[in-house]
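Everything on this sheet refers to the single structure shown next.
In order of appearance the chains are A, B and C, and numbering begins at 1 in each one.
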Amino acid sequence: MVSVPAVQALTLSKIFEVPEREQGLVASIKSLIRRRTRQVPAVVDVSFDISAGEIVGFLGPNGAGKTTTLKMLSGLLHPTAGTAQVLGFEPHRRQPEYLRQITLVMGNRNQLQWDLPALDSFELTRAIYRLPAEPYLEQRDELIDLLDLGGLVNKPVRNLSLGERMKVEIANSLLHRPAVLFLDEPTLGLDVTMQRRIRQFIADYNRRHNATVMLTSHYMADVEALCKRVIVIHHGRILFDGQLSELSRRFSATKKLVVTLARPGDLSSYGDVIDASPTRATLLVGRAEAAQVTGRILAELPVDDLTVEDPPIEDVIELAFASGQPDSVLAPTGE
Amino acid sequence: MRLTWQFLRVGVMNELQYRANFFIQLLQSLVAIATGLIVLALVFDNTSDLSGWTRPQLLIVMGVFTVMGGIIGFVIEPNMGRLMSDIQLGTFDYVLTKPADSQLLTSIREFRLWRLTDVVVGGVVIVWGAGQLDRPVGWLEGVGFSLLLVVGGVMIYCFWLLLTTGAFWFVRMEMMQELFTGLYRAGQYPVGIYPGWLRVMLTFLVPIAFAVTVPSEALTGRLTVGLAVLAVVFAAFLLVLTRLFWRFAVAHYSGASA
Amino acid sequence: MTSQATAVASPSAAEGRLRSYLRLYGTLIRVSIMEQFQYRAANYFYMIGMVTEPIIYLVVWSTIAREQGGTLGGYTPELFAAYYIVWTLVRNMNIVFTPFGWEERIREGTLSAQLARPLHPIHYDLGFFAGWKVVVIVMWIPIAAALFWLFQPELHPRPTQIAVFAVAIWGAYLIRSFLLWILGMVTFWTTRVSALFEAFFAAELLLSGRLVPMTLLPEWAQTLANFLPFQWTFGFPITALVGPITDEELFVGLAAQAGWIVFGAVATWLIWRRAVRLYTAVSG
């Protein structure tokens, strides 16, 4: 029996109309008469299906279209073209029955009352979502337990540290036990320990309640810890949609070498050069060969300085794009 | 003096970038003065003088009130506001590490250019009112007016600085500022019309009388020499008091945070 | 077959709609009171500073009244005192979310967060400010007592007047909440709104009974004011308590308030729908 996907996007597109503004008095006057706008495509032709209970990671550099896609699915943005279906609803119609089944968590955004203990804000959330007493209390206490909140909920929110605040915000956003979670950069700005805690929690929560989770991040680590499936978005288009293991193999399989030479030299024979000046170059080499290549470079060239790093998503994706790999390699591989 | 000029230049250049703010501010000044004039019209529909003040005289009071408000908004309020936030955020240290007198520095760092629209609008009203006076304005009145305007401004500055200096001890001083801003509105009318206890408050506690009423009296020829002298003396006293209190506060602050 | 996580049981099964709204407002108001109580010092200073404005008007009009032989427009100095003292409470009841605040709301994303929840954002404003008003009313009492002692007003309301007043101040609150929401929503279409807002507030100042009691305005202004909602948010509640006012006028006033509340609610509803459509099309 084929099950209806929890989240379905079909050729979803979002094109923003941005007013063109030029400098100077004459241009200002002209703009009063005739408004010139530029079309900025943020999301182009995005399609995917997500089954209930999946945790899917949306990866991509800043400005790639992740947040825009999430906003279209949570009802905050009207798509320019294409359709979206979540839990059988059209998100942009923002029906209360729909909103009651989803939650949107944006890192760095406070929904809790600043001066009051979180418990009071929870009461407010309960009233907003019209939650009957028993299920609410049960869910609330479970969340307090899972997130290890303990006494934190009794302290005014302003007295909590950034990480503690994030935990309480997440608890607040799950009180109504939503079926779909939209998490936009939930670990932004947190320290490593706290990031791990929150990832752990999301995984636990998903196991317990079979909630569908869509997570955006530009931290590879978030995705590695949580998502079996990732969708890579770049310039508004899907670059990759498939298993994380395959993504790791293909994209994170490289290491970045930054080499500073004493005398100008050419490093193109050692790996893919993504940035070069006469005496300094940045290049990507296969993970497996990194140690060996490093050794060769050190032996064969006059090296002043050399560092080995994991390449950030941006560089890797740029390279994949620029190197003109055949589309079939990058095509969505589906489920 | 040169330091003041530098800050002024920077402040002006910054503000000039936001030309829209000029129009917004001008609009606000005009709306405020229009409202005031409508009230005056209502008042004088019903009477020919208010506690001995005729219409042209009240126009002048309103004009001076607006001009003084503009000066406060132009230089006094922004600096006092910044001082308050510096104390709250702990960035006051930067002031102390500069090789300039700390009181001077905190008083002239910020300028809000567009608040000067109030000065212009108020000036127009003053001239208009002065033109309708029974007794024409001579140069003696003019000089007295200018002098007392400056004296009044000094007093407001001292008062506000004294108040803000209190923030070194009671960090949440902004509430007091709310109070002052509210009280300042009373300066729209000559303090003579208020009941005794209020008049005293508005003269010595919050020197609105000296800032607005007294210069107006100078222009309209109602001023007595005694009052003028009192104004100057009181201003000098306030300056000294402010200076002493400031030095005390700074000493306390640096001692405490050492 | 996958099993879908179910959201907490649908509320219509467990609680009636009306009851859940009552609970919502109860919670909003309670939370707001707790919060505002923490800021009582700031509130007090603000309220005291605000008292200057009516005192100025009071003194000016009383002076004129005395010079004109005791009354002005039907008001004695004692009646002016009563008017402007009650003014301080009504003024506080009038303070709602400023239309200037909408720009920040939109820019900072607070609006987005609210839109992702199944509740019309106006309930937040109505609820939070209502709670604040409760705190304000309680804090006003000592201030009023002080003003009473200082200015010796003449205030002898009938029981009907007191009852109508108690309702009218909340009516005023509702009308102004809707009016300023409507104003604020203009921000969705353009951010160049200062002129519009200033014009609105200036008109309101003059035609609401805030500056002077309505009877002191020239005839043409009073006629104009009859077509506008302003006097029902300010002058009417004050006059309801202070008098002189007949029972008939009291109930006509309440009816007028009701009318403007309905107008405000409908207009807000209509404009909000368009505003959200625009917002979700453009920025989300």
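Convention: contacts are C-beta pairs under 8 Å (C-beta built on N, C-alpha and C of every residue); 3 or more make two chains touch, one makes a residue touch a chain.
Here the structure is a predicted model, which means the values were calculated and not measured.
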Set of chains adjacent to chain B and to chain C: none
From chain B, the most remote chain by mean C-alpha position: A
Central chain of the complex, centres being mean CA coordinates: C
Highest-count interface - the chain pair sharing the most C-beta contacts: A-C
Interchain centroid distance [CA atoms averaged], chain B/chain C, Å: 32
For chain A paired with chain C, centre-to-centre distance based on mean C-alpha positions, whole Å: 43
Between chain B and chain A, distance of the C-alpha-averaged centres to the nearest whole Å: 53
Shared interface positions of chain B, touching two or more other chains: none
Interfacial residue positions of chain B with respect to chain C in the complex: 20, 24, 27-28, 31, 34-35, 38-39, 42-43, 45-47, 49-51, 172, 174-176, 178-183, 185-186, 188-189, 193-195, 198
Residues of chain C touching chain B in the complex: 41-42, 44-46, 48-53, 55-56, 59-60, 63-64, 67-68, 72-73, 192, 194-195, 198-199, 201-202, 205-206, 211-212, 216-218
For the chain A and chain C complex, residues of the former touching the latter: 1, 3, 6, 16-17, 51-53, 68, 71-72, 74-78, 87, 92, 94, 96-104, 106, 109, 111, 113, 115-116, 120-121, 123-124, 126-132, 135-136, 139, 176-179, 209-212
Footprint of chain A on chain C - complex, ascending: 1-9, 11, 14-15, 20, 23-24, 26-28, 31, 34-35, 38, 109-110, 112-113, 115-119, 276-277, 280-284
